[in-house]
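Take a look at the following structure, please.
As written, the chain order gives the labels A, B, C, D, E and F, with residue 1 at the start of each chain.
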């Protein structure tokens, strides 16, 4: 479901057969202008779906209302800053307002939360996201993560191979699972395998896996995992995950890991506060 | 977009042309069983979309995997509790796992966060949600709010009238806006109007509005608003909103308000932690 | 399904893989003009879907044809009046003609039939429609009802509560059914309950119901129901229904009822006669 | 849009995010039974969409309710006859009731209205319908026409060629228009051309047209048209149309025409009266 | 599924959540120009879907790229000829390139392969296609057949009647099958019946069939079938099929058949070679 | 568009409002059985969509017809072999027949054509496909390629990076293009770059590219490219493409290349011949 379809389905959810308040109060030909303002310090993300929300509302209400960004995505703004101007059909503006803000507030929240993690990493290790995303919002949420300065992990089940604990349980052997994954996936896909102990890491380094995910290890085991891997198979990429937060990232950023993946960039983020007021 | 369509579109987002890992590692005919467990104290919500996620995955992967709830929606469980059992095709189980958990973790998070607000209200005032919901997830999120013990406000723009600040600005008069709304909406719809001052409340009580939303008022003004309204027009329903959190709800719960609406039930909730492990 | 989607699906129904006659006879680049004329006295309704039909045809046939209304919706015109002009690609005009007229003829028929009922009511009671509408045409038909001067009842199952005979049979008690409905529906929704006797009315007035539907009562019972209700609970809104036609509306319009609902505004209306001829 | 999709879209129109009354009043597990009865003499049509409406409602409400026809399509029944039994989930039954009846009442109305025309034709001439059908309901309405004993004309723009007045105006010549239509349409498609005078009939008989539509002619001209055509080109099929009603069909049925097409079979039909009551 | 929907679904197949190479390498605002060239002698077909592919890519990538045909459909060009120019957003151009070429190469291949058959027929008999087409590509492939100079047979199951061997087996009698088909199909549809022997032809000529398909007959039997039919029932149209290729068409073109249908126009065609290179 | 949706859309293309022949000739309740047989030596592929075609037809025609494979996918069978049995509703069988065969004949053709290339490679080099696939049929065609014994290349634009000639032209530098691609793509995606000369290969080996595509090189240059690469950067994977056919694959299979990609596996394949006959 691309952005065009997502926003139209979302507008249907809120608008259904019509906006009882706006259609009753506002004449079809009325026009006006307003601004979206940050009500807290935040990093901007979400102009795309916000603009699309007003386009979709315009199609349904029969009058255009444009959304003009005033601040670029990925920029930090302080409380009170106008981040966008909306102008045109008042019916469209009032009907599209909530949907646009629902996208913006979520995405600014994720970008702002992500930025704190990236700052903690201090450029010493790459912070990446996971597949723990809100259903149907993955592209938007991964975009917000990039606005916050982090990188994305694989997008979905189809553009990377991750052999995880349940796969290994099902197959019965880490090495077999990796071998099967390598055998049928094309040559542009790398294979990642998850390990939870140093013993499993040892097994993983004996396979064709290109990347190893160190899951739920102690700081000490992470340090040892880096040493072992760099010595034995330096081409392997090392990713750590499990209970990663800002404080711990600061503590382990210098261990020599390549990546730390943090689901909480998205799922522990709260919405940022923004509002839209008509100019009087 | 009903649940059936939502879940299938969401599965497409994650699965696209296929699950590179699972299809490579797991034979089509393999079967297994696992449990979804709470990794923190939480209130259960989301069995519906979780079950649907496995049904959808079964359609795509060609083998059924059933999701059997072990705890009823709305129940608090402690860390370690198994909340559901999944059993059937291993390919389906592993492919549907992330999507099912993404729904469950979000909705348990909302129900748990809501419950804390309801407890603060102590049965003295009704806590309700708002239209600040994740696009396309409104029905699910409003259901989670009910699992947490709160009530829902109107569903969308089509099943209630709320004359808000921007409508009044656009029309130029609170009384005109309410009159227009009453004139063209059917007799089963009540009219709510938003006020920010006691002077506006005074104007609102002179209209046909059935409900008044007291927005962003101080505790003192809320108390005065209740006194004025009960004396002058006792049939009017009073709702308060704006910067409501658990602490403030506890403070104002005894003022005599009918409802407190809290967007943060949903937008300040973080995902709860649950995981799915295959039985070994 | 909004108007855009409805019209495109309807065009697909008629056009399928192509218009065998028009594509064979008319060059792609030919242009022309025609007029839609009333062939009887009627009230105009349906410019919206008619214009959309030509837009949809233009997308499929590759050439625009505009539909310009010459008479406003809700206006009565006499036989021979040109109600719209169509101009542009001849292929589009000829392919879209039937679909546009099928919408227009239906909706003008409903508006014209409705107007006769409103005239009979003489401003003494409000005439409203019901949910007896053509599947997928509800928004259009309810719009035509307003063009004919009547008001709409609730739109659908989701924007009002009506406890009807079958609900009461299923629950076993009118009072219980009303209480359940009030308990879980939000505060902007009023509750209506259907009664068929004065004894049931008596029970209804003891509940939280805001509106009572007097169904299939004699004129005498309707009069008594008004007297009883106004004396006992004047805030209750009274609606009558069942076998209402123009003659009876004229007879009971002075009884003091608030609303008379008439399914026949829509389901007993015949298509009005209009045609589209190319200017020569 | 096939029946499955049509009925689901129609249910969405009425149900949207939920049935406020039924979900509040009726427990999810309650079951019951009811009957659909004719409230007037009518010919039965529409079991298909009625049954599908309950299937669709069952998918949304989570409990099956079966619709069992008690009278075959195309049968005349008298007032009071039970035409179907519904049994199963009460939520599903009550939610699907209106949609099912909206289909049934429309289609029984068309079948009943059609049958009166067929009776008037007395087997001496074939009565057929036209493309004047309710958008998205064509297949159902044409089925109801057959239930009423008449035949269908072409289904749509793609399964027959009809060169009509506007085509001839656009091309500038009846003969050229027919020649173009024949040149590019495949050999299983016959060509029909519309004429309004005996002079045009003369021109039409000189072309490759297989069928001639005699539009808006007087009874005398129709009779003459039959004589001329049978003498000159007996393989040509003759169809008459324009202001055809039951009275006129009775008058001209013996003229020797092959077909009389009547848009009013569908667009002048009113809904028949049927209701669904729960068994007590 | 019309062209607009087909092309967008096809773009989704290739683009999914994004073009990893183009979005990484090319700035959003970069523009450029290129040409599509034939790399072999071929007949041009497919400008329509090629242009639509770039339109669809533009919607997804956020920048327009126009496709301008330089050679008309149905024209033969030699190796090296530029058949179209593409110009605009480089991201759109590079993302849409493969999809546009996949349509063009297929359709030029079919047109070119068809032309060889038409040449072999030498204007003595009509070459037509069949329903052996690529699912969802029928309209495009039948268009390519016309670009190659042949005619189309019926489009699909709904715009013609063909009583084939399996229908006759199921019914048990050729004559019964034809009679049933004639009884319920409208008067603008002709009936075709398939025969494999001269005895079956004899039976077919005794029915109301308008067209006879002579399937898998020897050259001698085809000649005899023509003689018999012309003598006995000259209004019947004769079509031959079964193992028809260029060589055999040349051999039997003078037998007096009306039509030869050749599935291989489409299913034995290979893609023609074309490429798109950016102007440097 | 997954298989379920693809097959239903494809059935709509052929069936539209109905199968005029089958519905006229065959009673709704008639049942029967038939077999699909190979009419040439071929490799079987396509049971999946064939079975789905009969399921889809059953939904539309109202009676199930099962498709039971008799030979496994990927198996070579000789002329006359029954590859599947179909049994059930005769209407469904006859309506679904053509669609099922259109899938099967195409896919068997691709599998059979692919197998000849794989045999030529003799196990010395991997044969893979390309993105030159029929729009909306990519998953099926790539499956047929695997049935024929070859491997797949990347699925689409989203699961691999290929920096091709037009990307390099647009960027202006091979090295810059590769660097940009590496910078923003996640760590499970390998980067491939296309070169046409040994000088370009030299540049490519100085970048982070994991794979090099040797496009349109002579046999001698391919040999030299292998030598240079193995000596300088043995971890690089080498793929050759451009004008690859069975004869040339046989000639260059021993050069030490890792992969040869061949668009012609799919786009030069003709449909294999299979037919479905009812058992008598």
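Here is the rule we go by: contacts are C-beta pairs under 8 Å (C-beta built on N, C-alpha and C of every residue); 3 or more make two chains touch, one makes a residue touch a chain.
Nothing here was measured: the structure is a model prediction, and the numbers come from that model.
Visitor: If we define chain centres by averaging CA atoms, which chain lands farthest from chain E? Would you check?
Guide: Farthest by centroid: B.
Visitor: Starting from the Cα centroid of chain D, hunt down the chain whose centroid lies farthest away.
Guide: Relative to chain D, the chain with the farthest C-alpha centre is A.
Visitor: How many angstrom lie between the CA centroids of chain A and chain C, rounded to a whole number?
Guide: The separation of the two C-alpha centroids amounts to 46 Å.
Visitor: Just give me the whole-number Å value for how far the CA centre of chain C lies from that of chain F.
Guide: Whole-Å distance between the two chain centres: 53.
Visitor: Specify, in ascending order, the residues of chain E that touch 2 or more different other chains.
Guide: 12, 16-18, 138, 155-156, 158-162, 189
Visitor: Give the list of chain F residues in touch with chain D in this complex.
Guide: Per the stated touch rule, the residues are 12, 16-18, 59-60.
Visitor: Contact residues on chain E for chain F in the complex?
Guide: 1, 6-7, 9-10, 12-26, 30, 32, 34, 90, 93-95, 97-99, 101-103, 105-106, 131-138, 156-167, 169-171, 177, 180-181, 183-185, 189, 267-271, 276-278, 280
Visitor: Mind listing the chain A positions that touch chain E in their complex?
Guide: Chain A reaches chain E through residues 2, 4, 138-139, 155-156, 158.
Visitor: List the residues on chain E that touch chain D in their complex, please.
Guide: Residues in contact with chain D: 128, 151-155, 158-162, 186-192, 210-211, 235, 237, 239, 258-259.
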